[in-house]
Structures are given as structure tokens and as C-alpha cells.
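Read through the structures below before going on.
Across the two complexes that follow, chain A remains constant while its partner is chain B and subsequently chain C.
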Partner chain A sequence: MRGFAPLSRLAAVIGALMVIMFSRSLSAACAGFIAGLICLLLNEGGRRAIKAGAAGLAVCAATAIIDPLFSHRGMTILLFVNDRPYTLESMLYGLELGLSLSGAGVWLTVLRGLVNEREMLGIFGRFSPKLAMTISMTLGFIPRLIRKSRRIREAQRGAGLFSGDSPSGRLEEVSAVFTACMAWSAEAAAGAAQSMNARGFGTHRVTFSDRRTLRLKDYLFISIVLLLTISGLVLSALGGATEFFPRVSFGRYEMAMAAVYMAECILPIIILAKERLRWTLCTARG
Partner chain B sequence: MKKSLKAALFAGCMALIAGGCLLFGDRSVSWLIGSAGIAVCGIFFARFEKKETTSGEIALAAVMTALSVTGRIIFAPLPAFKPCAAVIILAGIYLGAEQGFLVGALTALISNFFFTQGIWTPFQMMIWGLTGLLAGLIGDRLKKNRLMLCIFGALAGLCYSVFMDVCSVLWLGGGFTPERFLGLTIASAWFTVSYMVSNCIFLLMFVKTAERILERLRGKYGITKGGG
Partner chain C sequence: MDAVYCEGLTFKYNDAKAPALEGIDLKVGRGELVLLMGRSGCGKTTLLKLLKPEIAPFGELSGSISLLGKKAESPQPMVGYAAQSPEESFVSDTVYGEIMFAPENAGLSAEEVRRAAAETITRFGLGKFLRRKLDELSGGEKQLVSLCAALVMQPEILLLDEPFSRLDPVTAEDISSLILRLNREAGTTVIIAEHSTELLFAECDRVIFMENGRITANTSPREMCGVSAADSFLPAAARAFLGHEKCPLTVREGRRLLAEIPHAKEVALPEARVFGEEALRTDGLRFALERRGEDILDGVDIVLHKGEHLALIGANGCGKTTLLRCLAGLTKAYSGTVKVFGKRMKKPAGMVALLPQEARDIFIQPTVREDYIFALKAMEKPEKMADEMLAKMGCEHLADVHPYDLSGGETQLCTLGRVLLCEPDILLLDEPTKGLDAVSRKAFGGLIRGLCNEGKAVLTVTHDLESAAELADSCAILCGGRVESLMPAGEFFARAGSLSTAAGRISRGEVENAYTVERLRAAVWGAD
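Our next item is the complex of A and B:
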């Protein structure tokens, strides 16, 4: 979805997340989970999608098996555990819970691939430039600190310190490295503060600049996503949610809600598939 | 920002939270805790944005956050044994309550970029932020008394684990059920103990170093609480 602004990509994932987490519908949770996996497959390849799918299915199995142990509602008794009923309805409720939780996890993984932390800063920095600057500085310090910690560790090992492989020896080694990093980071902070002062920090308001602007197609895309998300949630509240107890029954508007949600999920899939196809068929990539 | 606009924004946020609670049925509690996390962090971030902040405060908040995140990355092979909370508490004590909150909230947000962002992120931001804030509020007492610092670290680890369990129970839907909470608490007991012990160990290990380094920063460059 590189053709769209980061805000549009974020909106697509947040919209899908909102409905999957709050609709309480078995069909929507299932559709959202599968759509999330397809997006992951198109954006990050098969291995990542299979991994996420397997982890998601494990969560679904766990919640479907464990939930009836705590919740004994429902009419269809499958067996008794400690003289308490283990019901099919609770099992399906657990399955829906697992699907929505793992679906949310899959969509968050999709988000990580679609919007990186710099683009995220670009979105929120507009509203809070000073906070964005702090996060940006932090993101700059982290790789420097990691590199520094590696060099300190190598130097200490080279000097023959902390060669023990016992847990306490390792803890001592890592802590010594961390203490040295703390001293270095304080000096780095002082250096950064002095640089900021030299460049006139504090003489005027912190402002934000981003060369990426929203285009017409972004406005259109965000409006459609917003409309579909609100429609999905309203339909869910009006009777689109699955009724699990005392017996499982689909809500009055559940199919309509699932259709709206599928339309919402299909939007990023179409865009990602188109980009993937264009890349595959591109002859200029050598 | 004009007062009327602020009032309208506040009313809009409240309406959104209330609307979500009405719409989402048995998931309304999840919506409420997610909104609470975002609201608490939002209020602090808005304050940070508005107030006069020196370059030293910003640079120190950034490096302390980076240090905390790096600690989480370096100690990744040891599950639940991380110096993050200790760094956040030290930031609260030596940089002040608001900076402590900022370091705590940003640690959760940024470290989850490297691990996994999840539905727990706003709640984690709020808990670590409040840990830093509280450490800052009683910082003078914690500086003087090592035993109290140790107890504070252990309690911070306990509260973090228990509140994350509460958050997990609420996210599982159907409201708060004592059976589920007990099950989760027992399952995560090892992690709770590990958080408590690691906080004590790291606080005792780093408090002297942090004090020496930050005092030196004040003496040499004039930066720490409120300095330039």
C-alpha cells in the first residue's frame, strides 16, 4: 500500500481492528482473521503468514478448550468436568474470543509491515511535535546504545573480565555493560542538549514538517474505511452480534454486518494484490 | 487553544467513550480500559507538549527511554528479568514525576515496536507511566532509604503483573471473573516474582551509579530537573 499515505494505511488497519475486537460476531471474527492472514501473505510472504496463522489457531484452540472450564452457561452439555457442565456454547464463545484476539494480533503484525515507526511519527508528530521530537531522539539513541553495549562487552571480554558462563556471571557481565551504557548515555544526553541549545532550541515553538501530504485518493480511502467501520459497529450493536447463550444463534443483521466488514477487509487486500502483481510482472526490476 | 474548543474536545472524547460502552455490550469493559489508558497518557502528553521544557529535560528523557528500551532488548534472553522498571523508577526519582511518567509511557510504546504492539500497549504505557510518576512523587524519600526503594521496586513489579492480569481478564470478555483472574495470576506467578526480584536487584545495582552520573551532569552541564 505504498501508493497511499501512512495515515490511510493506519486507518485501514485500525478500522479492521475495531470491528474484529468489538463486534462479538463469530462470522466477522473468522472473516477478519482470514483477511488479516491474506494481507500478511501479500505483504510479508508465505512463511510469516503461516507462522501467524499457526500461532493464531493455537490461541483459538486454547481459548475454545479453556473457556468452558470457567464459563458453564449454555444448553448443549458435551461432558462434565468436576461435576460442572462443559458446554458447546461456551466452547464457541471461546473460539470467537480466540479468533478476535488472534485476528487482532495478525492485523497488528500487518500494521508493523505497512507503517514503520518513522511514518507513525509522521502521523502523530503533526499533533504533538515536541513528543515526536523526543521519540525521534529516542529512536536515534537506541541503535547507538546497542552498538555501544556490544563494543563495551567485547572490550571487557577481551580484557579477560566476566568469562564465566554461569547465570550469576552472565548477570554480572550484562549489568556491568549496562552501567557503562548508563554513563555513556548521560554524556550523550548532555551533548544532545548542548547541540539543541546551539541550534536555538527554546527561542521559538517546536513545529512539525512532513513532505507527505494527503491526496484525493487518501481522503477517499479514509472516508470509505471510516464509513464501513462505523456501519459495521452500528450493525453489530443493532443485532449483528452472535448470540451464544443459551443457544448459539446468528444475530438479525449478522450477515449484513459480516458483508460490510468483508468489504472493509477486501480493500487493503485488493490494493496489496495489485501492487504485488505489478511488482511480479514488472520487467524493469532485472 | 480556546477554552470552548477544549471543552468541545473533552465532551467529544467523553461521548466517544460512553458511546463505545453502550455499543460494545460485554466488550464495553475492554473498550473502557483501553480508553482509560489512552486518556491518561494523552493528558500527560498534552501537558508535556504545552509546558516550557528545556533541551536538557528532553535529551535526558530521550536517553533514559532509550536506555530502558535497550535494557529490555539486551536482557531479552532472560524472560521477565529486565531493568526497564528500575530505569523508569530512577528516571522518576532523579528527573521528576512528569519526566518519570514520560519515560515509562514511552518505554512501553517504543519497546513494543521492537517486540510486539498489542491491545495491551495503552494499558502497559499507563502502568509504567504511573510507576515513574509515583517514584517521582516520593522520590526524596526513596533516595534516602534503600530499603524503601527496594520495597517500592518490588511493589511496582507486583502491581505491573497484577494489573496486566486484570487487563487480560477484562480483554477476554464477559467482565471480571474471579476464577479467570485467579487462574491467570497462578499461571503468571513465576513472572510476578521475577519482576519483583529483578526490580529490587537492578534498583540496588544502579541507584548509586545513576545518582553519581546525574549529579555529575548537574555539576558539569547544569542539566537535570529544570536545568538548561
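Our next item is the complex of A and C:
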């Protein structure tokens, strides 16, 4: 989806996430989870998709098994645990919960592959350049802090300190390194502030200079995603959610909502599949 | 119109007793290349910061500063400033973000911002690592990014604070040619504060020598050779022929002069010292970051004796620091052995100590004395050793100073003292002379020599050829993960080709074994 602006890519994932999280529908959760896995497969390859799928299924199994242990509602009793009913309805409710959670996880993984840090900053920078700059500074500071803490620890050990492996010695080492890191952070912050001042920070408004403008296809894509998301959520509110208790039954508009949702999920799948096909058939040989 | 004009400039930091700058009268013409020299703490950085009003330090200021004909006031986009440590001045996470910072904060339109960044990126060849994270860059690349971040707004005056102090000689040469190009081709006025004078001294229009906050000499490079206080700061060629009427400034000029004047054809090599007990021996040391990764150390064999000072010379990234980390027990080699006094080393346990490259990393307490006492307590040693060690290092006056407020030379001495508190038999030094001025380098060298005389074994890794030639007993090259040419220092430098010292390059073909300034002077002046 690199041909689309980062905002379009973000919109596609946010749309899918909105429906999966708010619909409380078994069919929508299932569709969302599978669609997310297909996107992951197309964008990042089979290994990543299998890993995410396996992790998702483990979560689903866990929630499906655990939920009936705490919730005993439902008519279809499968067995008794500690003299309390273990029901099919509660199990399916747990499964829906697991599918929603795993689906959200899978779509967030898809998002990480579709929009990188810099593009994300570009999106938010449009609305708040200062926030984008703060995030960028934080992202730059974290690895420096980690590296500094490693260097301070090694410097101490190299000078004969903290050579023992006792827990109290370790604790003393961690505390000493932490103190030194804090002192360094204050020094680094002063250095960064000086460097910012030297380069004109605070003298003018921060300009947002990202060159990615939205094109017609982006506007079109975002409009469709927006329309489908709103439709899905409206249908969900009107009766798209699955009724689990006392017996499992599909909501009045659940099938319609699932169809709308699948259409929304299929959009990125089509675009990713087309790109993958192009890479396989044409570009890689060119 | 002058680029910089200061009259009667005096500046005192808020909490200081004496002024950092006193009675500075300075005039720098447009397009000039000016070098500021002097010991650490003489006021070079303070002066540079005052010339960039946005970062001027707080304190009492008297006198006047004009920049490009106008009173110096913030903001001053026509003045670019690159700090001593690029890493500490970075504000973004990627190269692109760093370059865009100044234009994005200059009130330009988005189109102008992108154009300014694109021009700088194209002009200075940053394209290939534009999207890379700053913490993934090498030292030279970081320095280049820092320089470009200062240049992106196309300043008329560029202020550079010790741009070469953290670079290896090859990278330093690249950056110095870039600075020279900026000055010569773009007409940028450049003022550089720097200890290392080998690179740009001869190219400068003027050299300013500072002592205790005052300008004591402000003259052409050639006339600076006549200023006795600046002797030890001059490039090797000038120091070698100091006192001669035609004082050369470069190796080329030095060679020409040497060919013209009478001199001895050979200086006797120093007698190779004979050492006794073996302190450290590595046998086929191999290290890689990943199982299938490339070997950083590819079978290192070293022998270091008691009382010996071995210097390992190598370029950036050749594995010098990794080797020291292996020897100090901070990381493990996947193959090979390290023997300390004949025994396989599992943990160094105080016998081996490492002076880190970033010396400040060692301090974790608010004053030097408190830090020493903290270390002694942690090692269960008597606290009185703190003051004894401070006295031994000649740093009693620094006992109550915050370690971050020490100058480069002071930091190095105090760090050495801190490392010696564990009373090691083997001392590993990682680039100990990096960023030190000539006087501090000499003092540090004296201390190391003293430690060797006490029987300690010292292993230094460095790319400072001059210091290695002056201080080491033995030398070797670390290249491709292996140690090559391990031999007595005299023989090593007498036979050196591309790794010759400046004195060695001047004397090549004319004087045998004159690989240090002192030896070359002996050949020239001894011949009279």
C-alpha cells in the first residue's frame, strides 16, 4: 500500500480496528481476525502471519476456556465444574472476546508494517508539529539512554566495582547506574536545549514540511473506508451484535454488518494482493 | 564590514570568582578562516558561545559584540554553531529529522524548508544515510550530520568547537577538507576552536592564542611560530624547526627545509627495554557479535609484560574497544584464551582495569572525592585512599568539583585516579589522549610512564600516532581483527610507512629513526 499516503494506510487499519472492537459480533470478529492475517501474509510474508495466527488462536482458546469458569450464564450446559455449569454460550462469548483481542493485535501488527515511525510523525505533525517534534526527540533519546546506561555499567565493572553476582550487589549496581543516568539525562537535556536554541527553536512557528500530500485516490480511499466504518458501526448499534445469552443467536443486522465489514477489510487485501502480484510477476524481473 | 567585531569583551559566569574572558578585542573579516588555540578551559568555548547569542551563557557581560555589522542579538540565523560533541547536540532520531530541524523552526514555508534540506543533503552527500537512525552512525558520520545541521540555513559565519577531537585521523582529514572547501568556495567565515593543529593550521588566515581568558597572540600562522607560549600547540613541522628563521608549517615545507639545512643522517634508536614477567597473554582470541556474523577479533595474539607500555594502533571500527572489553572481562570471546600472570582469566577481579573512552562514564557521584569514596566503599577499601590518590594525580584542587565540570585533561587524570583505586596490575586505556590539549597530553603521558616504572603493565589502544611514538615501549597495528607487527616502538615507527608520524614523514629519506619531534630536533639542531 506504499502507493497510498500514510494517512490512507492508517485509515484502513483504524477502520478495521473500530468495527472489530466496537461491534461485539462473533462473525465480524472472526472476519476481522482472518482478514488481518491475510494482510499480514501479503505484506510481511508467511512466517509472520503464521506466528501472529498461532498467537491469536492461543489467546482465543484461552479466553474460550477460561470465560465459562467465571460466567455461568447460558442454556446449553456442556459440563459442571465445581458444581457450577460450564456453558457453550459463555464459551462462545469468550471466543468472541479472544477473536476481538487477537484481531486487534493482528491489525496493529499490520499497521506497524504499513506505516513507519517517520510517516506516523508526518501524520500527527500535520495537526501538531510540536508534538511530532517531541515524539521524534523522545525516540532519539531512548536509544542514547540505553547505550549510556550500558557504558556506565561497563565503566564501573572495568574499574573493579560490582564484580560480585550477589542480589544486593546487583541492586547497588542498578541504583548507582540509574543515578548516573539521571545526572547524564539532565546534562543531555541542557545540551539538547542549547542545540535547539542554536538552531532557532522558539523564534518562529514550527513548519510542517512533510511532502506527502493526499492525492485523488487517497481521498477516494479514505472516503470509502469512512463510509464503510460508519455503516458498520450504525448497523452494529441498530442490532448487529451477537446475542450470546440465554442462547446464541445472530443479531438482526449482523449479517449485513459483517458484509459491510468484510468489504472494508477486503479493500487493503485487494491493494496488497495486487502489489504482491506485481512484484512477483513484473517488477522483480525488470 | 567585519564578520565579527568584539571590543573590550569581558565575561564572568554567574557563580565564578574570576572572569572567563577578559578584555577581548577581536576582529574577524568576512570569509576569513580563524583558528582559536589554547589550553582546555582558557575560554575558547565561552567566546564561541558568546558569538552565537541564542546560546550565550548566563553571566556578567561587558564590552560589545557585533556580528556582520550589527549588534549581536538573538536570533542570529546567519551564525551556525556546531558543538564539540555531536551526539549531545542531536535533537532528532534520524538524519533527516536533524537536518530539517533548523529550517522547520525558521518560519519558512514548507516548500522552502524542503528546498533548504534538499540542497544541503545533495551538496554534502548525506543521501545515502538520510533515513538512518542517528545512533547507528559512525563518529565521522555524526560529525558530518552535526556540521550539515549547522549549515542548512547557509550561515555566513560558522563556529566550530573542537570538530576533530572525537575523530580518527582519516575522518578528521575528510571533515577538515570539507571545512576548507566551505571557506574557500562558499566564502563562509569559519572560526574553529581546536587542539589538533596538524590539519588546518597552515591554511588559516589567522591564528588566535588564548591564555586564561585573554587573547595573548592574534597573528598569521607563520608569525605564531614566534610566540613562545604557543610552542606546544604548533603543528609537528613547526615544533621540529622552532627557532629556525624559516619556520615550516606543513610536512611538505618541513621536508623542503630539511633538505636545505645541515642535519645528522641518523638518530640512534632507543635501546629496546627488556621486560621480565609476562602480565597478559592472549592466544587466538576470536570475537563476533553473532554466531554467523563476521569476526571482529580474528585470532588476536598479544603478549604484555610487567612494566611495559604497549600501544595498539588502529582505525575506527577495527575492534580496538572490543579487544579491551574482552581483556577486561566485560564480554567473552567465543574462542581463544586470555592469561593473566600465566593463569586463565575467568573474571579480572581487580587485576585488570579499563579506562573507558568516554572517561565521564565512570563518575556516578556529584563530586570527584565523593565518587572516589563511593568506589572505595564498594571495593571495601579504606576511604583515606581517596585523598592519597587525588594527591598522586595532582588533582587535590578538583576534589570538590562536579565531574561534568572538569576540562578534558582534568577528566582524564581524575578518571585514571578512579581506575587506579582498584590497584590493578594491568591497565587498559581506550583512546586516553583523545581530545586532550598538548599540555594535558604531556602530563597524562608522564603519569603513565610513572605507572610503568612502578611495574604496572599498560595496554593502550589509540589512533594517536604521535602519543604512541612518544610514550609506548612496544607498538602493533590492529587490523582486520588481528594484531600485526608487534615490536619495540622505536623499530615500529622507524619502519612505518603510511602510519608514520608527522616527524617521520618530514624526515623520510633524510634522517633515519627521527619519528618524533624531539628526535627530529636532535638531528637538526644536534648537527650544528
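Definition applied: the second predicted complex is superposed on the first by the 270 of 286 C-alpha atoms of A that agree within 3 Å, B and C clash if a C-alpha of one lies under 4 Å from a C-alpha of the other, contacts with A are read in each partner's own complex, and residues count from 1 in each chain.
Quick note on the criterion: a contact is a pair of C-beta atoms (placed from the backbone, for glycine too) under 8 Å apart; a residue touches a chain by one contact, two chains touch by 3 or more.
As the structure is a prediction and not an experimental result, all values here were calculated from the model.
Taken together in the superposed arrangement on chain A, chain B and chain C fit without clashing.
When the shared chain is aligned, no partner comes close enough to touch A:246: not chain B, not chain C. Contacts of A:134 after superposition on the shared chain: chain B is touched, whereas chain C is not.
The superposition of the two structures on chain A yields an angle of 70 degrees at the Cα centre of chain A, opening toward chain B and chain C, reported in steps of 10. Of the two partner chains placed around the shared chain by superposition, neither chain B nor chain C is touched by A:3. Legend: residue contacts after superposition of the two complexes on their common chain; A:155 is shown touching chain C, with no touch to chain B.
Contacts of A:194 after superposition on the shared chain: both chain B and chain C are touched. In the superposition on chain A, A:45 contacts neither chain B nor chain C. With both structures placed on the common chain, the touch criterion links A:183 to chain B and to chain C. Contacts of A:101 after superposition on the shared chain: chain B is touched, whereas chain C is not. When the two complexes are laid on top of each other via chain A, the two nearest Cα atoms from chain B and chain C are 7 angstrom apart.
Shared contact residues on chain A (touching chain B in one structure, chain C in the other): 117, 129, 133, 137, 139, 177, 179, 183, 188, 192, 194, 196-197, 201-202.
Listing the residues of chain A that touch chain C in their complex gives 117-118, 129, 133, 136-137, 139-140, 143-144, 147-148, 151-152, 154-163, 172, 176-177, 179-180, 183, 187-188, 191-192, 194-211.
Interface residues of chain A facing chain B in the complex, by the touch rule stated above, are 21-22, 24, 63, 70-71, 97, 101, 104-105, 108-109, 111-112, 117, 128-131, 133-135, 137-139, 141-142, 145-146, 149, 171, 174-175, 177-179, 181-183, 185-186, 188-190, 192-194, 196-197, 201-202, 233-234, 236-237, 241.
Against chain A, the residues of chain B that register as touching in their complex are 20, 22-27, 30-31, 45-46, 48-49, 52-56, 58-67, 69-71, 73-75, 78, 83, 102, 106, 109-110, 113, 116-119, 171-174, 177, 179-180, 183, 202, 205-206, 209-210, 213-214, 216-217, 220-221, 223, 228.
The part of chain C that touches chain A in the complex is made up of residues 52, 54-55, 74-75, 77, 81, 83, 85, 87-94, 96-97, 100-110, 113-114, 117, 131, 133-135, 149-150, 153, 325, 328-330, 347-350, 353-356, 358, 361-364, 366, 374-375, 378-379, 404, 418-419, 421-422, 424, 428.
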